[in-house]
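The two complexes that follow have chain A in common; it is paired with chain B in the first and with chain C in the second.
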Partner chain A sequence: MDSHAISELLIKMIRRTVPELADHAIGRNDAMADLGVDSIERSEIIIATLETIGLEVPMVQLHGPRNIGELADRIHAKQTP
Partner chain B sequence: MQKRVGIEAMNLYGGIASLDVLALCRHRGLDMPRFENLLMEEKTVALPYEDPVTFAVNAARPLIDQLSPEELARVEMVITCTESGIDFGKSLSTYLHPLLNLPSNCRLFEVKQACYSGTVGVQMAVNFLLGQTSPGAKVLVVTTDISRFALADSSAVQEWAYSEPSSGAGAVAMLLSDTPHIFAIDTGAYGNHAFEVMDTCRPGPDTEAGDADLSLMAYLDCCAGAFTDYARRVEGADFRETFDYLSFHTPFGGMVRGAHRHLMRKLYKADPDEIDADFEHRLRPSLAYGKRMGNSAGGALYVALAGTINTVPPLTDPVRIGLFSYGSGCCSEFFSGTVTPDGQSRLQGMNIPNALERRYPLTIEQYETLLSGDQVVRFGTKDAKLDCGIIPEVWPQAGDGKWLFLDAVDGYHRKYSWA
Partner chain C sequence: MPNKPPEPCSLAVTGIGVACGFGHGKPALWDGLLSAPNLFGFLGRPGRQPFAGQKRFIGIEMPDPPSVLAPRVERTVGLSGRVAVSVLNEAWQEADLDSFAPERIGLIVGGSNFSSRESALASDDDMARPGFISPRHGHEFLDFDLSGICTASFPIRGFSQTVNAASASGSAATIQAMEAVRSGRVDVCIALGGMQDVSALDLHRLRALGAMGSERYADTPNEACRPMSRDHDGFIFGEASAALVIERANSARSHYGILSGSAQIVDGNRGPQPDSAGQQRAARMALAEAGLCGEDIDYLNGHATGTPLGDETELESYRQLGLHGAWTNTTKSILGHGLSAAGSIELAALLLQMRHGILHPSRNLSPPLDDTLRWVGDTPQPHQIQKALKLSFGFGGINTALVIEAPSQGAPQS
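On to the complex of A and B.
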């Protein structure tokens, strides 16, 4: 799955985890924290995304990206060693 | 037959003053639309005349007072577990020793590994007891931590913002022996997971720094890793079936729920309804006291264990409780033990909820007065005299001479008094 598809999946999981954002425009340049997604919700969004694409990687290795696009890039990089 | 060791007696101390956490979040202008998901209510706030020693002694004294002279003579080790130390060399346990009238043939020391420290203390005690080097001995393990991190300079409140609502205070005293009335440890049943990470730390005596996301991620990795190691050691262990109840280290309840959900997805692909029902049944009781004290660091897991034992429905048979301990930096452990109906009624006899109920509810203004720290004895203070009237309403009214406070510091030596 390429980085663009992963970011689409992340956005789908964001809308599923935080129903208040169902109709909110969300893009790769958005940061989850700025959208009002709290730290517990952020971890659940990442876990659900990893589960869907069947990737097992320590969560701490996904720390650091500043927005959804960077997070998708990081997950993509972990997917293709 | 394998020797049984574990917790013979246990008590927790949640201070004399509390703060409404939602009011604090509003005051700080934190936008938390789903605050209720974080499962926080109140936190304990330490007064200037309270320190890690007074917290520890106020937790331990009710246990010590119950011992006969013969039993007291068998307390041969005191392990204080803390990340709130008051001296680089002298351990808190040396202060506890005279205040609790402990015997002189006693091993005194302190351990540190962030919020994992209580489990270090418990496992050191367990292994000393299992080793049979002094048959019949008892070990006093006391976790004690307080948080006052706004003291360093004007920017310290911002630095601390990520964890101010959850940072509490508290102490848990546990007497471990070969008569584990409260909680018998499952010998050899444990798993560890550790790696180096800079998630939260206390880089100076009055400062804390950290990253909430990274800490949560490390906690989640450790919960899965430590249970996997436990399952490797314990034949047939099953997260869903082996434990009647669970108690996790609790920075705040939302983190516990996140870790539980993560494990139930990872191990069983459980659906959300099953996960929620399992959380309500097996983990919700563990939050009973922690949601009122805030994160008590080294003792938070044992605050959760006390909540589980005391607030699950009356036991008719022994039950097994799975424990997850995590300390930033980081090290973690999953282990287990059993509690009997007798253990439940003994712990309920400590009247823990009444003591929490008696705490004075601080206003935001009073809390801010304490945060400014004018009265606080900083690390390295040589001489001081404490003002017990800083917030007159808080001072305990019992007056039975069984409550300890910090009175003065004389040549670096802390002087305590009973009220």
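On to the complex of A and C.
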């Protein structure tokens, strides 16, 4: 799955986890924290995304990205070691 | 310097929220108690199916609670949590707790293992995919999560804690809440009997212990729950939860009744064994605090679960306490045994009967184990309760008693 598709999947999981964001425009340049997503919700979103693409990565390796696009790039990189 | 003893004060219940097999809210409970239709059937929630080759479980399951939480929070909260905020919301609105400073409001939740059924389902799921365990499961397994859900959703900032006294947890929460108000720790305290969402394994274990019926009525659920009847063979589960708002009695605020005596003691038994001496001691302590004796009580709401030894032991306590003159009925015959919430929903039922001046009928009572007592049979009984006794007992030798008196003359009724 390419980084764009991963970011689309992340955004889908964000909307599912925080139903209040269902109609909110969300793109690769948005940061989850700026959208009001809390730290446990962020973990839920990432775990749901990883499970969907069948990738097991320790959460600690996914800290650092500043927005959804960078997070998708990081997950993409883990997918193809 | 020794602590100053708390000033004696009269405590009142100013708000009630309830959930049970009849649905959510006091009107559903009151209508149901009066008409007493059968609610018992075979339990059907996921995670409550008997293991292969075993008999189905009998009990009562409640309708889905109304939605109180924001969708984002509600998504993360299980059944016992959604029920807790529903009963809390009802009690909160009635007592107008928004008019209190949040720092002066406390919450005591009674019970433990509230989400046992959903936790078992989640455990199966987590063990099957350990790489993708939800981080939420890391705090949801704690009993305190129910308190966390409540205080994150309502402006309660005084304190919150969870107390467990087995099937007397609801009453223990009430007694702790009374203490918190009496001591001045808070101005108002909510006692919430949490919903015991039992799993299939819990039910199998209670059946193995011999406490839960029903062998005799395995195919006729409507007859299975018969507290204080000669044909009883164990308690029958019924989902329930209730919240009661407790504060110092104030003639300007509407209240359901006055809590004038309370006691919680242990009798030294570890398991389900009842102990009449312990029951009597608790009752006498609560009565003494209220300045009353057994003969003064005109309505008794017992623990009355329907286990053969439990009922016989409790009847011996009634006789020794001089409660022959008191009207009595069996709330569990209609609602089932709410376990952690039993003491709370039954106190709510008592206070509704006090307000309406009618005692609810008892189901499946005939023939009663002791026909010298003043039973309310299968039709409602008009009676204005003046002085009531509520008993709740729990595994582990727990005996609790509460004395409840009619609202002071001139207090607003609604």
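Everything that follows uses one rule, which is that the second predicted complex is superposed on the first by the 81 of 81 C-alpha atoms of A that agree within 3 Å, B and C clash if a C-alpha of one lies under 4 Å from a C-alpha of the other, contacts with A are read in each partner's own complex, and residues count from 1 in each chain.
Keep in mind that, in the parts below, a contact is a pair of C-beta atoms (placed from the backbone, for glycine too) under 8 Å apart; a residue touches a chain by one contact, two chains touch by 3 or more.
Here the structure is a predicted model, which means the values were calculated and not measured.
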item: When chain B and chain C are modelled together on chain A, clash or fit; value: clash
item: Partner chain in contact with A:V60 - chain B first, chain C second, else both or neither; value: first
item: Residues of chain A touched, compared between chain B and chain C (which is higher); value: B
item: Chain B versus chain C as contact partner of A:E51, first or second or both or neither; value: both
item: Touched partner set for A:A25, first chain B, second chain C, both or neither; value: neither
item: First (chain B), second (chain C), both or neither touched by A:I40; value: both
item: Which of chain B and chain C A:T17 touches, first, second, both or neither; value: second
item: Where chain C runs into chain B (options 38-46, 56-64, 110-118 or 362-370); value: 110-118
item: Doubly contacted residues of chain A, that is, touched by chain B and again by chain C; value: 20, 40, 43-44, 47, 51
item: Of all residues in chain A, those that touch chain C in their complex; value: 17-20, 40, 43-44, 47-48, 50-51, 56
item: Chain B-facing residues of chain A, complex; value: 20, 36, 38-44, 47, 51, 58-60, 62-63
item: Complex contacts: residues of chain C adjacent to chain A; value: 70-72, 75, 129, 131-136
item: For the chain B and chain A complex, residues of the former touching the latter; value: 31-34, 37-38, 195, 197, 211-214, 216-218, 220-221, 254-255, 257-258, 261-262, 265
